[in-house]
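Presented below are the structures under discussion, each in the form of structure tokens.
Common to both upcoming complexes is subunit A, partnered first by subunit B, then by subunit C.
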Partner chain A sequence: MRPIMAIATTTVGEAIRRRVLLIILFIGVLLLSIIPSLSVLTARSEQSTMISTMYAVLRGTSALIAIILTIYMIPNEIERRTIYTILSKPVMRWQFLVGKFMGAVLALGLMIVLMSSVMVLLFYIFQQPSPERLLEVARQPFFYFLEMMLLAAVCIFFSTFTTPLVNFFLSIGIWGVGTVLSPLYSSIASNSGASPIMQSVAKFVTGAMPAFSNYDVKNPIINPGQVIENEQKYFIYIVLYAILYSAGLLVAGMVIFDKREV
Partner chain B sequence: MRPTKGKLLGILAATFVGQMALQVGVIQDYWKKNYWSGQGFAESLSPDQTLLQLFGFREFLAGILWVRADSFFDEGNYDAVLPIIRLCTILDPKQIDIYATGMWHIAYNFTDEEQRSDRRYIPSALALGKEGSRQNPNTYELFFETGWIWYHKIDDDYHQSIKWFRQAQERVDMLPARRNLLANAYQRNNQVKEGLEHYWKLYAETAEQYEKQKDIYQLFQQKETLEQNLDTMIVRMVQRGWLAQERGEAGQRVYDTTEPFDVGFSARVIVDEPKVLRVQGTWNVLPVGTRIRIIVRDADNPNFTLAAMDWDGQNEVVLDPERDATFMQDQGFVKNRRFNKRIDMSKDPTMYPFARKSENYLVEFYYNPRSASLHVQDKFGWNGEGMTDKNFLRTDVRKEFEWIPGPKAGMFTEDWKLAERPTPPARIVYTALTLSRDQILRKGDWIDKTPMVQTSNFDASRFSVTTEDIIDVPTLRSSAPSPIAPGEVKKTGDNP
Partner chain C sequence: MAAAIETRKLTKTYKSRLHGLINVVQDLDLTVEEGEIFGFLGPNGAGKTTTIKMLLGIIYPTGGEGFVLGKEIGDMDVHRIISYLPERPYYYEHMTGLEILRFYGALFGIKDEALFNQLLERVNLAADKSKTISQFSKGMQQRIGLAQSLLNDPKLLFLDEPTGGLDPIAHIEIRDLILNFRDEGRTVFISSHELSEVERICDRVAIINKGIIVRQGKLDDLLSGGRIEIIADDVSKEIADQVKGTTDATVSFHDGRLIVDMSDEQDPNSVVDSIRSTKGRIISLTPRRKRLEDLFIETVRDDDASKKKPAAVAAEVGGAQ
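Then we have the complex of A and B:
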């Protein structure tokens, strides 16, 4: 466990020092701070528009950070040949991979906490909500963190056998399918009118591809008053899903990385 | 410790199966049910529309689009507003204002040169209301708005507005003053007892609240309004003989509705020019305020029925009306016991295409005492008991319906059943005159001839007036008789 933690903490340090990530973070915070002034667009639904737009910025920025942070992790180590120094020590390849993943997740967590704090602060300043409402608004970023953990696992898996550029587009594509298209595929899968081929494709996509949309639980937050039963149970399921899927991807990455010439 | 490849593949297979079981078995459906804001859309939207409403900025985009729609509205570019309304509701189905404004816009604002609205859009407005209320079941607003379109715009089939108003009442956020309207809808559906009970219920609730919070003036106002409504309604129930009828004492005394008054309806339609009709008719009711509904429609359109169309026919929002259908609705305003209206449909070919292959069009005349103004109803009664017409009184034009909530009916579940009501049928004055397509368009044999159709009892001499009518006011006739227009038959003592 010690080698994993050592690699993880080093990865966090590296991530914090990377300017490109800090710039994306800065832009994210900047966008968040502009949103309250855009709320004049809608009179009655000012609060829901404000929250949903803030969430969208938070989610988009976090995804960009997650992808850029992780796609370079392994290729950079190989390119700079620093991987030889690490692997020459009593560190297994799988420990290296898991350490890198954990470091990325920790760094992502830090950045999401920072952006969420700004978001909650702005929401408090402009809307003066009750403490319960504030807590409710602060809930969604935790699930975005889980989503980004899953995305980081996807990127790390691809980084074991692709170049960063290919990985970037692959990861963006997978994230797009898992967020924007997931409900669409799910509808096609359950639509009896769709062609059998389309249904099979849709069923495969919904079952096999990572469903990032599971973590988008903002609907009752931006539209209060909805009655949702057994929500806690759902939260447990999606945490379990993120852990299982990430673990699966890491294991697949280990199998590939173990065979790779470095 | 170096894990073996076999172990790793085993773990990989286990995690893959595990995540798939979780996703397909539990998470997917739960998420769609509770967290997807596009819930209920997938079946009715095209894939591109579904895509749009899945993007993260949809609420914000909807806001921007709605502002754009506002500028189109100000410019009078109503057609451009329509797709934006749909797009906004797809992007953010929780924006109640967009649904409410959209429904109103679709139902009321597409008008012809003479400010008659295009009623072919009404089913779309109602479908938007249905969708909006499904998407926003926590608030009364879209239930009320949908009920209002039935009550005010369609002004018929009042059991429909009752259903929607009842659903609105179940929502706690409904404004107190708006709750009263259900009593009116009950009365218009000839459910007088239910109307009274509703007033009593509201009064009891308001009085109780007022006792607790006497400093709230709004409660005092509401209590006073309800008191007044109750007073007026009870007086009407007595004067119109409703109470006596309920007690089986109808024949014992004379009430305002006791001797049905013959309205003496007759009508004539002249095609002055292509698509320009002159509609004339008689209605022997002297007090001002009667409006005879006049409808020109395709004779064979399966979506149309007697003086109406299948208003409730759309369950999914389709904003394009049936382009080749013609359905014009106007009103003949009665003064001096006759109506005379020029209906020009020639300037709006898209609204009145007269394009169907059928050769015939109907000009329908419809008078439902349930929609009549109160002072007319005081003589005719809630259901036209005090009204008759020896030629055109019909009891088969509208069936008596009511919506009955099923065992599962609740705030979030639709379980209503439409049942026929075993009550006296609506007494409606109705007739239809037929014109051929050639006659309306003044084509073929009708280029040089003026087509004219009329009821057999139509007396043309009552329409030989050339000067502007002066309205006879019955209460002044005894002291200062109004000039009687030439050709008019003077009658006394036979008016309500």
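Then we have the complex of A and C:
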């Protein structure tokens, strides 16, 4: 456990100093800051527009940070030869990979906490909501954090055998399918009118691809009339899903990385 | 003495889409005794770093076997008592020298601040321990590399080009540190291009060319059988000419000083007698051994030539057919 923690903390230290990530983070915070002044222009409810736009910025920025942060993690260590010094110590390859993943998740957590704090603060200043409403708004970022953990696991998995460029497009693609297309494939899979081939494809996509859309639980927050059935059960399910799916990807990554020539 | 490193037919082959199978290291038989400084020499791309990576278990051999400190390569227990300094190492730039030692120490479970400070002092970085790596010179980075490699009090150190790209002062500092390692009973395996450095500090060397060991042995044995240099003063021109005529040697004469550089297979007594017969004064008679650089160039050239010959013969035969 000691090597894993040492690698994780060093990874956090390095991640929070990477200029490109800090620039993305800065742009994210900047966009969040201007949203309250833009939402007054909308014809829809000012509050719901503000929340949904802020969530969209938070999610998009977090995803970009998660991908940029993790796709270079292993290749950079190999290119700079730091991996040789580390692996010549009593550190197993799987410990190195888990340490890197944990560091990425911690760094992501820090950045999401920072952006969420700005978001909640702005929401409080501009909307003066009740404490219950504020808590409700602050809940969604936690699920985005789980989504980004899952995305980081996808990127780390690909980084054990692909180049950063290929990894970037693969990860973006999988996240895109898992967020935008997943609900569509879900409905195709359950639609008895669809062709059997389409249903099989849809079942594969919904079953095998990580379901990032599960973590977008903003609808009941934006539209207070909507509710999630068995909310507690659903939240437990998506937390376990994120943990188990990430663990599965990490194990697969470990098997590949263990055989890889570095 | 036990072997710190032993390999038998250790081989690493890569598959290339363009060139098929490439033997980067082939049938490597190597023995490094405990407590010695062993120089592993070879031109660029000869297979030095690949060999080190195999011995460290970072890459996997495709054939043969290897043992480090009595255990099969890749054994995690061995990693607790060995150490590695890669060529042109990179350390996380945001960290200070002390933080680097804390990080690498944590990989062993070492949290001994006194040890970290002691190691920084040993490599002359105590005054710079608060500077970040980005503020370090190349020599300082190499020294912090050596400090991290000593954290676990290793029995065996692998140093890949430890003096590469360093200025002469840094060279001397690193060389002294390596010599101290031997005094402390550690085994040091050095891969280097700096032949004069290797000649100064190594007990034994192996020369690898195109993945194959072409020469291996004690440095004294490999470099012996060299030349003798005689320097004399107050020598007459006639004697100088006589020496030139009677010996197969390089002779230089200027203002009464005679310098004779001759093979040690010839008898130096006749030259000395000639000089002394006319009241010439012998200043020195020094047996000189070959330089490692000469041995290295000779070995690699001979090996390249012998490998070209069969190809040339095959081409000729092919052409005749």
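Going forward, the second predicted complex is superposed on the first by the 257 of 262 C-alpha atoms of A that agree within 3 Å, B and C clash if a C-alpha of one lies under 4 Å from a C-alpha of the other, contacts with A are read in each partner's own complex, and residues count from 1 in each chain.
Following the convention adopted for this analysis, a contact is a pair of C-beta atoms (placed from the backbone, for glycine too) under 8 Å apart; a residue touches a chain by one contact, two chains touch by 3 or more.
These numbers were taken from a predicted model, which means no experiment stands behind them.
Novice: Clash or fit: how do subunit B and subunit C relate after the overlay on subunit A?
Specialist: fit
Novice: Which holds for A:Ala211: it touches subunit B only (first), subunit C only (second), both, or neither?
Specialist: Touch status of A:Ala211: first partner only.
Novice: Does the superposition put A:Tyr84 against subunit B (first), subunit C (second), both, or neither?
Specialist: In the superposition, A:Tyr84 contacts subunit C only.
Novice: Return first, second, both or neither, reflecting whether A:Met92 touches subunit B, subunit C, both chains, or no partner chain.
Specialist: In the superposed model, A:Met92 contacts both subunit B and subunit C.
Novice: Applying the touch criterion given at the start, work out whether A:Pro131 contacts subunit B, subunit C, both or neither, answering first, second, both or neither.
Specialist: In the superposition, A:Pro131 touches no partner, neither subunit B nor subunit C.
Novice: Taking CA centres, what is the subunit B/subunit A/subunit C angle in steps of 10 degrees?
Specialist: It is 160 degrees after superposition, to the nearest 10.
Novice: Should A:Gly13 be classified as contacting the first partner (subunit B), the second (subunit C), both, or neither?
Specialist: second
Novice: Between subunit B (first) and subunit C (second), which, if any, makes contact with A:Gln226: first, second, both or neither?
Specialist: first
Novice: In the superposed arrangement, which partner chain does A:Ile238 touch: subunit B (first), subunit C (second), both, or neither?
Specialist: Only subunit B is touched by A:Ile238; subunit C is not.
Novice: Between subunit B (first) and subunit C (second), which, if any, makes contact with A:Pro196: first, second, both or neither?
Specialist: neither
Novice: According to the contact criterion defined above, which of subunit B and subunit C contacts more residues of subunit A?
Specialist: Partner touching more subunit A residues in the overlay: B.
Novice: Looking at the superposed set of three chains, what is the minimum CA distance between subunit B and subunit C in Å?
Specialist: The answer is 9 Å, the least C-alpha separation in the overlay.
Novice: Subunit A residues touched by both subunit B and subunit C?
Specialist: After superposing on chain A, subunit A residues 92 contact both subunit B and subunit C.
Novice: Can you list the residues on subunit A that touch subunit C in the complex?
Specialist: By the definition above, subunit A touches subunit C via 2-3, 5-7, 10, 13-14, 17, 80-92, 261-262.
Novice: Touching residues of subunit B toward subunit A in the complex: what are they?
Specialist: 1-3, 5, 8-9, 11-12, 15-16, 18-20, 22-24, 26-28, 30-32, 34-38, 42-43, 47, 50-51, 54-60, 62-64, 66-67, 92, 94-97, 138-139, 412
Novice: Could you list, by residue number, the parts of subunit A that touch subunit B in their complex?
Specialist: Interface residues on the subunit A side: 38, 41-45, 48-49, 52-53, 55-56, 59-60, 92, 94, 179-181, 183-184, 186-187, 191, 206-208, 211, 213-214, 216-220, 222-223, 225-228, 231, 234, 237-238, 240-241, 244-245, 247-248, 251-252, 254-255, 258.
Novice: Given the complex with subunit A, which residues does subunit C contribute to the contact?
Specialist: Touch list, subunit C to subunit A: 53, 56-60, 76, 79-80, 82-92, 94-95, 103-104, 106-109, 145, 148, 152, 158.
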